[in-house]
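What follows is a pair of complexes built around chain A, which joins chain B in one and chain C in the other.
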Partner chain A sequence: MSAYPVLAILAFMVLGPMMALLTVTGVSVIESESLSFWKSAYLRRVLIFSFWQAFLSTALSVSLAIIVARAFARYGCFPFRNLILKLFGLPLVIPAVVAVFGLVSVFGTGGWIPLGRDLYGLNGILLAHIFFNLPLAVRLLLPAWKSIPEQHWKLGQQLGMNSWQQWKYLEWPTLRENLPGVGVLVFMLCLTSFAVVLTLGGGPKSTTLEVAIYQSLRFDFEPAQAAVLAALQLSLCATVALISFRLQKLPEVEITSTALQCPVDTNTLKLNAVILLAAVVYVAMPMIAMLFEAFTGPVRQVLSNPALWRSAALSLSIGMIAATLSILAAWLILRSASDLYYIKRKHKAAYLEMAGSIVYVVPPLVIGTGLFVLIAPRFNVFDWAIPIVILINAMTGLPFAIRALGPAMRQNKMRYQRLCESLNLDGWNRFKTVDWPLLRKPLGLAMALVTALAMGDLGVIALFGTPETTTLPLLLYQQLGAYLMSEAAVTAVFLLGFCLLVFWLLEGIIGGRENV
Partner chain B sequence: MFSIRQLCFTYTDTENNTVMPMSFELQAERGEILSLIGPSGSGKTSLLNLIAGFIQASAGQIFVDGEDIQQLPPAQRPVSMVFQSHNLFPHLDVFTNIALGINPSLKLSVDEHQSIEDALVTLGLEGFKKRKPGQLSGGQQQRVAIARALVREHDILLLDEPFAALGPAMRAELIMALKELVSRRKMIALMVSHQPADALLASKHTAFIDNGQVISIQKTSELLNDRKRQEIMSYLGSE
Partner chain C sequence: MSRITQVLITVFCLLQLTNASAGKQTLTIYTYDSFTSDWGPGPQVKKAFEEQCDCILEFVGLEDGVALLSRLKLEATNTKADLILGIDTNLTAEARATGLIEPHQISTGPTTLPTDWKDTYFLPYDYGYFAFVYNKEILPNPPTSLKELVESTDAPEILIQDPRTSTPGLGFLLWMKKVYGDEAHKAWVKLSKRVVTVSKGWSEAYGLFLKGEAPMVLSYTTSPAYHIIAEEDKRFAAASFEEGHYQQIEVAGLIASSKKKALGREFLTFMMSEKFQSIIPTTNWMYPAALEQDQLPAAFKDLVKPGHTLLFKDTDIAKNRKQWISEWLEAMAE
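And now, the complex of A and B:
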């Protein structure tokens, strides 16, 4: 089976909803009522706020990440380096709504650093986006320091360069190549951030396009208005994706514990230690606060609630099915791409891989809105909630699966294709003896990652969810909305633990524990 | 006069779980290049790193004209080093790459400007000063690195396989140019090389290093024909 059926399904999943959106938007533009919406102060405010919060979040996350990554790179080897790197990987798998709860436990009324009502609105959104994107940017920027040749550090030492001169001649020239790519990625994530703005946004003043789409569909019952907003969001994302394509240099995430041999004096070492400690505290504090609140909360009552277990089973099913679909699609796409790489048609192969990342251009909520508009006139959309959520989560996970599996599959093809041909090794025999041992580790990682992401997703399910189709993140969101904070604390920790357990089990069972 | 006395260092390779104690004893004359040859992993580059101060010796002394430089930080040692690759900062032009050798803040006096111009002429790089390293050939890049070492006016020049990536003709040309410069400026130069032919061309004397020790310092032609020592014979592949 080739990649083309997968591409056809992807195209249908994107183009179908988009056509529906464009039709509704086209009709609505002619109507005078919708014309006034185009020109309304509300839309202008939503647009400006979407951009402003994404810009501020990116600027703060990336500039703080540079400081932390530099401290990390220059501190050298220390006992907890690997552990901190793993901690910085956690925000990637922590469900957004859980992290929000953690931040509320720290900065909310009665929290350790109470901001009161000031938490809700731009402040809270920025705090949450920094929580998610600072560790991500640190992990993306760290390899820049590792790519500085050892000889340059030695030259710097020999020429007597001070810290500023080392930054100017050695570090900045390498870093600036990666900064635009990292900046645009973080900007895109903040622009399409939904759960954070939904839970921490402070009413109409702090609404982004994504949340406005949700409100139009779920509260105002205005599909036409939602279509206009979705079309706007689509064009914004397409523009940012286009820019990102031009600046596509994005380093591989650092997963090793090796440190560069960069000599620093004692004072710099102390300063680096303080910076690292501050970053670790910021990332760990919400989780610790949440754990603290959960263990003093009504644990037995929440855990004995059948709704919690129903939601957990539903979340797990959605996660596993979405991940399986995602991996299958990624496998087919990457197999065709590897064949193309093998016959030196690199550009075509790269475009094929890129097609799998279509959700970067068309956000899941926009696809969801399109499907809503497409299905609503014919069927009851809420009856289709689970299949739609699974399909969209599979699409959302596809770029992660491609990124995790791609290098290994390509390498496997390039290195062993000729050898396998010469040994007449193909089909099941090849899979059993060559492909599986070499690919099970990235396969395990991809499966674990996509499952955890889908299990923790509060995006499309918020659009289509009903009391019968309540996933764990939606249950948590409902508890937060009803100010059942003690129950929410237990649910949040349960959800976090559940996601991490599933991640760990899948990665271990599929990926195996020994290094291949 | 340059000498090293009982310079000790323990090399630890955490990846391969190996530990190699090293102890060096060496002398070199001003005005000539002393070649260092020996098998891979024998300690040649470690010796240069110890002299430059990039790694710290556990004991021993390094004397330059009777003064021990062992306790000095790298920037204060009278040492310039040229590596096999990555000698130049790719985003800076030739002039700036050389100027960094004089003052990293790039605040240069008129005389210092002139010394860079002179070094460019000496190394045959006139007309290249505005070029970036990427616009130069491998040989020209190494010339720039040597020019930077010259403007620093330090006594000791360490060369870590500086010509390994160059073709035979270019290598011979650069070695001859370097030999002339070292002789004229009365510098002390130590050159790690894997090519016995380079050692023969560059050096009156060559040191053979194995297992973290200087096994022998002899006239280069004699060392390359030494049939008495098993280590040298197996390195050179002599019968």
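And now, the complex of A and C:
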């Protein structure tokens, strides 16, 4: 089996729902009632708010990230360097709704820095988006400093450049090349952020397109209106994606933290230490506040609730099946891609790998809406909740699986293909003796990562979830929605701990010990 | 790898299956979540009905009344519900128009509503009047009219529910429409400044009110009875408004595609009986729809009685609901 059936399935999974959306939108445009929706002030407001919050989130996250990354790069060697980098990797993998809860325990009523009601709305959305994207942007920007040649720094010192001049002549020119890519990536993430806006915004004043889609399906029972919104969201994302393709220099989302070489130790400033400390506190505080609140909360009551364990079992099943599917698809795509590499058709191979990342352009919620519109008139959509959530999570996990497995599979092919051919090693035997020992580590990482991401996802399940199909993140959202804050604290820590445990177990069992 | 995965998945799939139980017939009722909560009528109703029917009564609790209708429309003839319980007369015309509801064919003789009951599709189980509830110690001088609440500059902040999901939310929207008519949009813009939050269902808003997030919450004239009876706390009261109060009659209906209509009708008959009706006042905190006044708890006698009862015809609401809701959305977003 090659990559093409997988690509066909992917294309079907994306195009089927798109067609359904466009048909419904097409029909609804003809009906005058929906035309008035197109023109409604509400839709305009939702559009403006979607853009505005994404713009502000990006501007704040990236400009703060520049300050933090600069402090980081110029502070030189210090003991907790890699630990901090690991901490900055955390917001990428912890479930969004858990992080939101952490922010609520810091900034909510009764929190350490109570913002009261101002938390719900634009302020809260910005705080959360900075929490997610500042550390990400720091990690994406740091290599820029690494790429400044040592001679340049030396030359700068000889010329007696002060900090501002160094920034102007050495750092900014390098950074400028990376900024648009990072900016577009963060903008896209904020534009399609669902769980954050659902939990912290969502009132009529602070609704984005993604949340408006959810509301039209679940509040208003207006599939046509949802389709209009989804089509709009799709065209927005496609535009942003097009822009990012033209920028060419796109940042790689790193999965594992690579240790940075310590840069030239320029004037070590107390200010840098303060900046770093502030960033660390901002990222760590929600986690600490949440732990604190959970351990003083009704632990026994929450843990003895059978609904919690039912949800946990459901989330784990969804996560593992989605990850298995995702890895299977990644494996097939990458096998074809490395065959192409082997015969030196690198461009075609690269395109093949890129096709697996289609979910970056088509948001999962849009696919979910399309499937909803497709299924609703024919069957009971809520019966389909689990299979759909599994499929869409498998698709969302695919880029990660490809990125985790890709390099190893390529290397494996280039190094051992000849040897295997000459030994006539094929099929299962080859997998057992050659592939498995070499690939089990990246396989373990991919499995662990996709499972954990799928387990913590609050997206499509919000569209399809019912009291009978409540996953852990949905349960947490319901507790948050009912303002049961102390119960939510325990559930949030449980979800986080559960994800980490599963991650650690899968990585250990599949990946084996170090240096196998 | 794959073997471990398989074993784990099989174990969890099996765990899922163990929930299914066999034997007795199950009657599934979609309702709102405060009905099914531990302190709501759900548990007592379930126990009482299961004693007489030799069946299993299963409540599925959704966000609130309007979400019930949305869910039913989405599932249409594929729904698992045999009955829905918890929409109100503001939605009955729209629900009838879906063709998913079966006439109840049950005598409406026992009803004790202020007006005669003529609906052949839905049966009422309780009724009440929307009102803003406040704590007398925190708010000694509550507004005495809806106009004062909306227009006075020093009127208190309020908690309300979303009319797209919640029947009290929808009821308040209609109340505003009754009082302000075409000026409702302007009134909402004014009021929106003092709306602390718009919650999905009644339970969330009331929970926030009790935590002290706002001095007034949209609820019912009967809500203070809960504090008086269950908590012996007399600090809470409902503000009486000069313009009158919007009425809510909560109803249940049989799903046309249900295969257990006989059992469903048995439940509807039970719903009109004294056993069910006497559970309502001190669990759902509403006036029962088929119980004589003298059987009500004493605390109900001291509650606010609205001067006028406001109510739209259900067919008028069905015609305008969508437009009124988008008007509300636009005003709230301003």
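By our rule, the second predicted complex is superposed on the first by the 470 of 516 C-alpha atoms of A that agree within 3 Å, B and C clash if a C-alpha of one lies under 4 Å from a C-alpha of the other, contacts with A are read in each partner's own complex, and residues count from 1 in each chain.
The rule is short, and it goes like this: a residue touches a chain if its C-beta (ideal position, glycine included) is under 8 Å from a C-beta of that chain, and two chains touch if they have at least 3 such contacts.
Because the structure is predicted, anything quoted here is derived from the model rather than measured.
Asks: Put chain B and chain C onto chain A via the superposition and say whether they clash or fit.
Replies: Verdict on chain A: chain B and chain C fit.
Asks: Considering only the touch criterion stated at the top, classify A:Phe194 as touching first (chain B), second (chain C), both, or neither.
Replies: neither
Asks: After the superposition on A, what does A:Trp145 contact: first (chain B), second (chain C), both or neither?
Replies: So A:Trp145 meets neither chain B nor chain C here.
Asks: What is the angle, as a multiple of 10 degrees, that the CA centres of chain B and chain C span when seen from the CA centre of chain A?
Replies: The vertex angle at chain A equals 160 degrees.
Asks: Of the partners chain B and chain C, which touch A:Phe494 in the superposed model: first, second, both, neither?
Replies: Neither: A:Phe494 stays clear of chain B and chain C.
Asks: Name the contact category of A:Tyr75: first (chain B only), second (chain C only), both, or neither.
Replies: Touch status of A:Tyr75: no partner.
Asks: Applying the touch criterion given at the start, work out whether A:Ile509 contacts chain B, chain C, both or neither, answering first, second, both or neither.
Replies: A:Ile509 contacts chain C only, not chain B.
Asks: Contact-wise, after the overlay, does A:Met161 reach chain B, chain C, both or neither (first, second, both, neither)?
Replies: A:Met161 contacts chain B only, not chain C.
Asks: Which partner reaches more residues of chain A, chain B or chain C?
Replies: C
Asks: After overlaying the two complexes, what is the shortest C-alpha distance between chain B and chain C, in Å?
Replies: Minimum C-alpha separation, chain B to chain C: 35 Å.
Asks: What part of chain A is in contact with chain C in the complex they form?
Replies: 33, 37, 40-42, 45, 109, 117, 120, 203-205, 207, 215, 218-221, 310, 313-314, 316-317, 320-321, 324, 376, 379-383, 440, 443-444, 447, 466-468, 481-484, 509-510
Asks: Show me the residue ranges of chain C that touch chain A in the complex, using the header's touch definition.
Replies: Result: residues 1-2, 4-5, 8-9, 12-13, 15-16, 19, 60-62, 66-67, 69-70, 73-75, 78-80, 162, 164-165, 196-200, 203-204, 207-208, 211, 213, 322, 325-326, 329-330, 332-333 of chain C touch chain A.
Asks: Quick check on the complex: what are the chain A residues that touch chain B?
Replies: Checking each residue of chain A against chain B gives 149-152, 154-155, 157-162, 165, 169-170, 173.
Asks: Quick one: which bits of chain B touch chain A in the complex? Just the residue numbers, please.
Replies: 49, 52-54, 74-77, 79-81, 83, 85-87, 89-92, 100-101, 104-105
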